[in-house]
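Please go over the structures that come below.
Shared between the two complexes below is chain A, which pairs with chain B and chain C, respectively.
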Partner chain A sequence: MGFMAVIGFAVARLRNLFAVVMLTGLFSLTAAVLYVILDAVDVAFTEAAVGAGISTVLMLGTLALTSSEERVEKSGGSKWALVLVVVTGCVLVYGTLDMPPFGDPTAAIHHHVAPYYLEKSGQEIGLPNVVTSVLASYRGYDTLGEVFVIFTAAIGVLLIIGRPQFGRRRSHRMLVGELHESMRTNVILRVGSKLLIPVILLFALYVQWHGDFGPGGGFQAGVIFASGFILYALIFDIDTARTMIPARTTRLFLVFGVLLYTGVGVAGLFLGGNFLDYSVLAANPVSGQHLGILLVEFGVGLTVAAAMISIFFTFAHQEH
Partner chain B sequence: MELIGLINYWIVIVLMMTGFYIVIAHDNLVKKIVGLNIFQVSVFVFYITMAKVKGGTAPILAEGITTYSNPLPHVLILTAIVVGVATTALGLALVVRIRDAYGTIEDDDFENQDGEP
Partner chain C sequence: MAAAFSSHLPALQVVLALLAAPLCVVLRRPGAAWMIATVITWALLAIAMVLLGRVLETGTITYALGSWPAPWGIEYRIDLANAFVLVLVTLIGSVVMPYARASIPAEIEEPRIYLFYCMYLLNLAGLLGIAITGDVFNLFVFLEISSLSSYVMISLSRDRRALVAAYRYLIMGTIGATFYIIGVGMMYQVTGTLNMVDLATLIPNLTDNRTVMVALAFLCVGLSLKLALFPLHLWLPNAYAYAPSAVSAFLASTGTKVAVYALARILFTVFGGSVLIDDFGLQELLVVLAVAAMIGGSAVAIYQSNVKRLLAYSSIAQIGYMILGLSMASVIGMTAGLVHLFNHALMKGGLFMVMGCVFFRLSSVQVEDMEGLAKRMPLTMAAFVAGGFGLIGMPLTAGFISKWHLIQAALEKGWWGAVAVILVSSLLAVIYIWRVVEAAYFKPPPKGAAEISEAPLSMLVPMWVMIGMSYYFGIDATLTLDITTGAAETLLGGIQ
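The block that comes next holds the complex of A and B.
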């Protein structure tokens, strides 16, 4: 954790935005390691795939479209900012004095609904991974809402910069364009990525369908699946990658994933249960839960993968 | 002795304040988004820290294990990370659009431009 703090300070001081973005990737990776130490394997999985992968690529894309140096400003207002930050920090530290110490099993957070999830989910849902049970079944409403947020964000990106005729004058210094020549001629990169991409896609499918039993699930699988395509587009050619998975297809999947999730909920309504109550989907409540979680996670995976792919291509397409 | 248990929270606060400082003290929009990300990660770490139980293990049910860490914060943060990257992408898209319209991504530069007729 000290390491993370050091990286944070470095990010605050550095002017070169390229280095800042690289450090952010490193920061995320450190956070992922920390999550593993703190027993949150599912979270670590997501952080490693998202923070060190997708968000770094997106930031680099933005830098290539804008500029990679931060201008040095006069330090007039930043003294007051520092004072404000320190004061807020002190107040927060004062607030932590009442917090239960680290790892305390008697802390209030462990005595509300968490014991119920840990004890009952084995019988009610029958899946070993409690995180998946809570995510897709007990708190299915939350997850549905979050899928809608991702869906909305992807639509927002498509609306804001998805239409090339909008801007007056486009920058031609797109990251992918810059790297094209050296990347295309680099045999190691080409062969290595060709070997890796099928494995990445296969691994994504494994994470998707095995998320009920081990760490994994729709969110992680969607991000990993998308990163396979993004790797292809980075090393080979945006247009080739785009013909392989055209814009219409990703938009279709984007909508289909959300509809699948909502559809499973509505199907529960028609079969006499509550919205997002999977127990009525099959004769046996436990297998109904299994079916529901599987379908819902598939919907999540589709939407996340489609959202990430279309966001990436929207950024990458700015060069044309 | 009791204070040692709070060190994790304090580092979270340091990280959070670093992010906060970057957001309010820098004019560059990409830097502001990076600051927001650091702020966000600090909140994630805070939740995951609270979820940890001493002697517990990852919340995947298995034979012979009785103590698990709290799964609920894990669920919240897992979805929050993916939502976070989606909203970051939205923010970056706005930055690209601002750059198109004003030719700069420094905060006070385009505020000055707005002032001119």
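The block that comes next holds the complex of A and C.
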């Protein structure tokens, strides 16, 4: 926690945005460690993959398009902003005063909804990983919403900066330029990544299909899969990577993923259940739940991976 | 089959829009995307009407998503208050869509139009999802969908300033959403549940818990950012001023309104409304901010030369009216706030559509460019005058109905100051509307002004439908008042 606070200060003080991006990555990694300590491995996994992994890469991409030095503007507002932030912080701390102590077995969260999940999900859904049961089934509708948030973000990026005909053809070659040149000629990077990328992709598949049993699932898998591709594009050639997955394909997967998830929900409607009721998908409710969760997680993975890849390429391809 | 689906209408209310959005991406044709968006919006309006009818007949409808009973699963819970918001949102969408067909290609580059309709559908789904849900976390998820898509829609205008405006909105909106989720997290920590009904039974016993108090503060600030309550309104004027006209019309009449609903839901259903009256001066705070918004928003509107900005500042003032109504925590006050929410949506939607027509021909919405416009675009400017009367609150307009009830509610409470503020704010509205009317009707057109004709019929008709509705509900307000009174009683009466 102390470490996170130090990083937070450093991020606010530093003017070199490159360092700031690296530090935010570090911040996420520390947060992930914290989540592991709190026994929330699924959350930690997501934080590490999204916070420390993909968002760092995307922010680097943004820096490549703009500049890595912050312009400091003197403005009178900053003093008030500081007061506001301090007040908000104090209020937050004040709010913690009546929180149940850490690890308190009598806390309300352990007695209201959670015990049901822990006791019943075994019979009702039959997955060892209760987190997956909650995310994909009990609260599956929230997860559907989250996938649509990612879908919205990806389409939004495509809409705003992915303007094929109208882009200002400024040279944004830092990412695929200087940085790229040094990377392309670096033997260690090339060989290392060649060894790593297959493992990354394989690991993504494992996380995808093993999410029912251990930590993981569509979100993490999608992000890991995407980072494998992005690594390839960074080190080798962005155009080769793009020909491997053309824009049309990513867009197709983007759409297919959300439609698959929603489609499973609608299938529940047709088979006589409520929306997103997986129990009716198979003769036996438990295997129906299994099938439903497997399918929706696959949908999540597809959309997340396609969204990350398409956002990255939209940034990197500004000038093509 | 139809009978089987009728029990699933609550889910379809949102899911249809969610399904249609990716379809627009696949089709890649602006015409087809517009067609889907329009048909779906009309279908959603029909669903919302059916749901409203059903709620009026049989009371609250619940729908368990994934068939998991609440609080373990997520439930949709439709009572009068949100059935009414669902109808409002889909109604505005249904009128704006035919208008968008001509308006959008004039303001957004052609290759991006099909994705724009995808964004519009996502935004619609987000707003409906916020309104319909009975789960505070689910509300957050759909808040995110609607927020992200509105940032994108605002930034699409050809005016480069729209990008900065959208970015500013993004920062403010993200802070708002984060505050909201911090509040939700704290509530979850002390109660262990996210379901609104469940929270409503647990939270009122915990009001002296400091975590709950802080949660309330964060929820209020977060949602107030979203609904642009003074002084958290800074994102709104530019966002509405530079967005494409159809987007301004749609968002101005739905986005902030749904946030007002969400705030009312949290304050009255989840916290039982008692927090307003008893403790820590929340009621006084809301009243002061509402009054400041009413005077400040109207006063600043007078000095605007960009008419869309003028309308945006007027919106801030009008939001003040709604919050004033809510903060009274009485049936008549709440009714006034809710009925104004509906009436203002019609009036402001209509007025932004007028500005869209002006922009379509003039490529500008500056007051000085509109001089002598009434001769050249008589139907458009007549609609502006008609809508302006509504904002001022002249009798026969919907604006009169809401102000009348608001004044009655204030008198009931003995808040004479509030009555005075309502009157002053209305006088200020006369001034800012008059400035535009004076330019359009009483000034000669500038020399060398291009010959322009009236806007196309496909834009004029929806515009007049919107303005016409605001007069219809001004002349015969029994329907809206009945529903909003019922909604106010539901919100104040806690969970049935």
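Convention: the second predicted complex is superposed on the first by the 310 of 320 C-alpha atoms of A that agree within 3 Å, B and C clash if a C-alpha of one lies under 4 Å from a C-alpha of the other, contacts with A are read in each partner's own complex, and residues count from 1 in each chain.
Everything below uses one rule, namely that contacts are C-beta pairs under 8 Å (C-beta built on N, C-alpha and C of every residue); 3 or more make two chains touch, one makes a residue touch a chain.
For clarity, every value in this text was computed on a predicted model and none was experimentally measured.
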Inquiry  = I'd like to know which partner A:G216 touches here: chain B for first, chain C for second, both or neither.
reply    = neither
Query = Is A:A81 touching the first partner chain B, the second partner chain C, both, or neither of them?
reply = first
Ask   = A:Y117 contacts which: chain B (first), chain C (second), both, neither?
value = both
Request  = Scan A:Y35 for contacts with chain B and chain C and give back first, second, both or neither.
outcome  = first
Task = Considering only touches as defined above, state whether A:G228 meets chain B (first), chain C (second), both or neither.
result = neither
Inquiry  = By the touch definition at the top of the document, which applies to A:V149: first (chain B), second (chain C), both, or neither?
reply    = both
Task = Could you look at A:G299 and tell me whether it touches chain B, chain C, both or neither (first, second, both, neither)?
result = neither
Message = Let me test your reading of the model: by the given contact rule, A:T96 touches which partner, first (chain B), second (chain C), both or neither?
response = both
Task = Considering only the touch criterion stated at the top, classify A:R251 as touching first (chain B), second (chain C), both, or neither.
result = second
Inquiry  = Looking only at contacts as defined up top, I'd like to know whether chain B or chain C touches more of chain A.
reply    = B
Query = Looking at chain A, which of its residues have contacts with both chain B and chain C?
reply = 92, 96-97, 99-100, 107, 109-110, 113-114, 117, 139, 142, 146, 149, 153, 156, 160, 166
Remark   = Listed in rising order, chain C residues that touch chain A in their complex are 4-5, 8, 11-12, 15, 18-19, 21-22, 25-26, 63-68, 71-74, 109, 111-112, 115-116, 118-119, 122, 125, 129, 135, 137-138, 141-142, 144-145, 148-149, 151-152, 155-156, 163, 182, 186, 188-194, 198, 202, 209-215, 217-218
Remark   = Listed in rising order, chain A residues that touch chain C in their complex are 91-92, 94-100, 107-114, 116-117, 137-142, 144-146, 148-149, 151-153, 155-156, 158-160, 163-166, 251-252, 254-255, 258-259, 262, 265-266, 268-269, 272-279
Ask   = What residues on chain A touch chain B, complex-wise?
value = 1-2, 4-5, 8-9, 11-12, 17, 20-21, 24, 27-28, 31, 34-35, 38-43, 46-47, 50-51, 54-55, 58-59, 61-63, 65-67, 70-71, 73, 77-78, 81-82, 84-86, 88-89, 92-93, 96-97, 99-105, 107, 109-110, 113-114, 117-118, 121-122, 128-131, 134-135, 139, 142-143, 146, 149-150, 153-154, 156-157, 160-161, 166-171, 213-215, 217, 219, 222-223, 304, 307-308, 311, 314-315, 318
Ask   = What does chain B use to touch chain A in their complex?
value = 2, 4-11, 13-22, 24-28, 30-31, 33-35, 37-38, 41, 44-45, 48-62, 67-90, 92-97, 99-101, 105-106, 108
